[in-house]
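Okay, here's the structure, questions in a sec.
When the chains are written out, they are named A, B, C and D in that same order, and each has its own residue count from 1.
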C-alpha cells in the first residue's frame, strides 16, 4: 500500500478523521476569513467603479463566488455520495450529508444577492434570468436531499438514501442548466447580461478570485466541522467518541 | 392550574402540538417549498414576460397555496391514529369538537402561516402588481383557515384508510371551489381597480360559519371512522 | 468615507447583499457548534442513566 | 372487598343484555355481568371472540347493538363515563417524538390528575426512573408499555379496561402489572383484563368471564 492509499485509508477511520480535522479547523477558518477580507478590500475599495453600473456591480464579489461555490458543493456532495454508495465508507457518507446544508446556504446567498442586484439594474426584484432560475432549481435539489436525510429515522439508511438522491440530482444539474438557458433564449426578451459587468479588467478579477478561494476554504472548514459533529452523534456508543466529547473520565465506565 | 378541565385539555393539546411541530420543524417548510415549486413551474411553462405573468399571478398563487394546504392536511390525524393517541382523544371526557378545533387551529398555524409568509416572495416572482398584494394576503388569511376546517372534516372521514391521499383530494377539492372563486375574485377585482370588499366579506362569513360547524362535523366524522 | 458608504447611490443594495453574505456565513459557522452542544448533553444524560442502571442492578 | 353491611353494594359496572354486531354479524352474544369495586376480572376467549370489541363498547367508543351499560347505577353517557374509565389498547397511545414526561403531562392535562401522584412518581413506580426525558422513540416495546401503565396510574379513572396488558412484558413486567392491579383494587377501583391465556395471575384466582365467540 503506497503512502497515498495508506493516508487515505487512515483518513477514513473515524477517530483519526476527528483528530485531524479538529486540528485543521481553526487554521481553515482563519485563513478563509483572512483571504476573504483581502478580497473584499480589493473589491470594495481598490476596484474602480464600472462605467455602466457605477458601484452597484460590486455585488458581483459576493454573488459570483457563492454561485461557483453552490455548484462546487453539489459536486463535492455527489462525489462523496458515489464513494459512500460504492465502497460503503462511513466518512464519505457523513461528508456528503454535511455538505448539503452548506451548498444550500451558498445557493440561498446567490439567489438573494442576485435578486438584490437585479433591483437597481432591472427595476424588479426577481428576473427570470437563465442563471438565476437554474440556481433556484438547484436550491430545490438541495432542499430535497436535506429533507430526505431528515425524514428517515435510521442515520445510516437516511444517509444512503439521500446520497442516492444526490447522485440522481448530479445528472439533473447540467440538464436543468441547459434547458433553462434554452428556455431563456426562446423568450429572448431579456436584455443585458445581468450577472457580469460589461468587462472584467484585472483590478476587478483578482478580488473575485481571492473571494472564490476564500469561500472554498470556508467550505472545507465548515464541512469538516459539521462532519465531526455527525460523526460524534453516530459513534457516541464507542469509547473514542465518549472520551472526545466528555473528556477521558467518561470513557471507561 | 386545575387539571382535567376542558380549558386545560385544549391548552395541553395546543402545547403538545406546538412542541411536536418544533421537534419536526424541518417538515413545517414542506408546504411552502411545494407552493414555491408549483409557482416556479408556471413561468417555465408560459414564458417569463412580466406583464403576461402579472395578469395570471393571483390565480396561480391561490391555486398553488390551496394545493399545498391540501397536501399538508394528510398529517392532521394520520400520526395520531397510528400511535393510538387519537383513540385516547376520542375517549376524553371533554367535548371532542373543542379538542379538534384547537387541533385544527394549531395545524393551520404550522402549515398555512408559512404559506402566507412566503406568499409575497412568490407574488414578486410572478410580478404581481404591488397594489394587489394586501388584498391577496387578506384573502389568504381568510381562505386558508377555511380550507383547514373543511379539509379536517374530510380527513376525519378517511382517517382509517391506508391509501387515502388521492381520495382525500377528491373529497376536499369540491369544497375548495367556492373558497377559490371568492378569493380569486377579490384579487382580480383589486387588480382591475374594482371594489373588492364583497368577496372578502363572503369569505369572512363562510369562515365564521365553518369555525363553528366544522369542528362538530369533524368530531362526528371521527366517531364514525374510528371504529 | 460617506461616498464610500453611498456606493454611487446604490449603497443600500450593495451593503444589504454583503450583510446577507456575512449573516449567512455566521449561521453556517454557528450551526455545527449548537448541534455539538446538543449531542454532548444527550450523551451526558445517556451515560448518567447507564451508570444509574448499573448501580441498581449491581 | 368493599362491603356495606346488609345492603348489596352498587356495582361499579353493570352490563345488561349487551351485544355488538358488525354489519349484522354478531361479534359477541347478549352478555350480563356485574363488576364491583375492588374486583379484577379476566375476560377469556380465543382470538376473534370479540374481547377487544367488548372493551371498546364498555369504554363508550362503540355503540352496542342491544342492551345497556350502567356505571355506578346510572346510565352511561360518554362525558360522565370518561372521568371514570381508562382504556389501554394494543397501541401505546404515546407520541414517539415527545419524551415520557411530556406525554404524561399531556395526559393529565386532558384526563385530570389523581391526587397524591405526579408524573415523575408514576414513572418511578413502573421502574422507569431516569427515563423521564428520553424520547418514546428510543424506548423498547416493553418500556413503552410501562409508560402506558404509568399513564393509568395518573388518571383518576376508577375502572381500568386493559387489553392484553401482559403483551411485550418480561417476567418482572408481569409482576409489575399484577402489583398495580392489586393496588388499584385496594384503592376501590376495578379492572377488566383481556388475555388469551398468557397471564400469570398470582394473587388468588381471578373471577373469569368466558367470552364464547357468538358463532
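Here is the rule we go by: contacts are C-beta pairs under 8 Å (C-beta built on N, C-alpha and C of every residue); 3 or more make two chains touch, one makes a residue touch a chain.
Not measured: the values here are computed from a predicted model.
Of the two chain pairs considered here, A-C and C-D, the higher C-beta contact count falls to A-C.
With centres defined as mean CA coordinates, chain C is found 17 Å away from chain A. The distance from the centre of chain C to the centre of chain D, with each centre set as the mean of the Cα atoms, comes to 48 Å.
The mean-CA centres of chain A and chain B are about 35 angstrom from one another, to the nearest whole unit. Centre-to-centre separation between chain A and chain D, using Cα means, comes to 56 Å. Residues of chain C in contact with at least two other chains: none. Multi-chain contact residues, meaning those touching two or more other chains, do not occur anywhere in chain B.
Of all residues in chain A, none touches 2 or more other chains. Taken together, the touching pairs link the chains into one ring where each has two partners.
Pairs of chains that satisfy the touch definition comprise A-B, A-C, B-D, C-D.
Looking at the complex, you find that chain A touches chain B at residues 124-128, 133, 136-137, 140, 143, 146-147, 150-151, 180, 183-184, 186-187, 189-190.
On the side of chain C, the complex with chain D involves touching residues 45, 48-49, 52-53. Touching chain B in their complex are the following residues of chain D: 56, 59-62, 78-83, 85, 87, 89-98, 102, 105-113, 156.
Chain C makes touch with chain A in their complex at residues 4, 7-11, 13-14, 16-18, 20-21, 24-25, 27-29, 31-33, 35-36, 39-40, 42-44, 46-47, 50-51, 54. Remark: chain D residues 129-131, 133-134 touch chain C in the complex.
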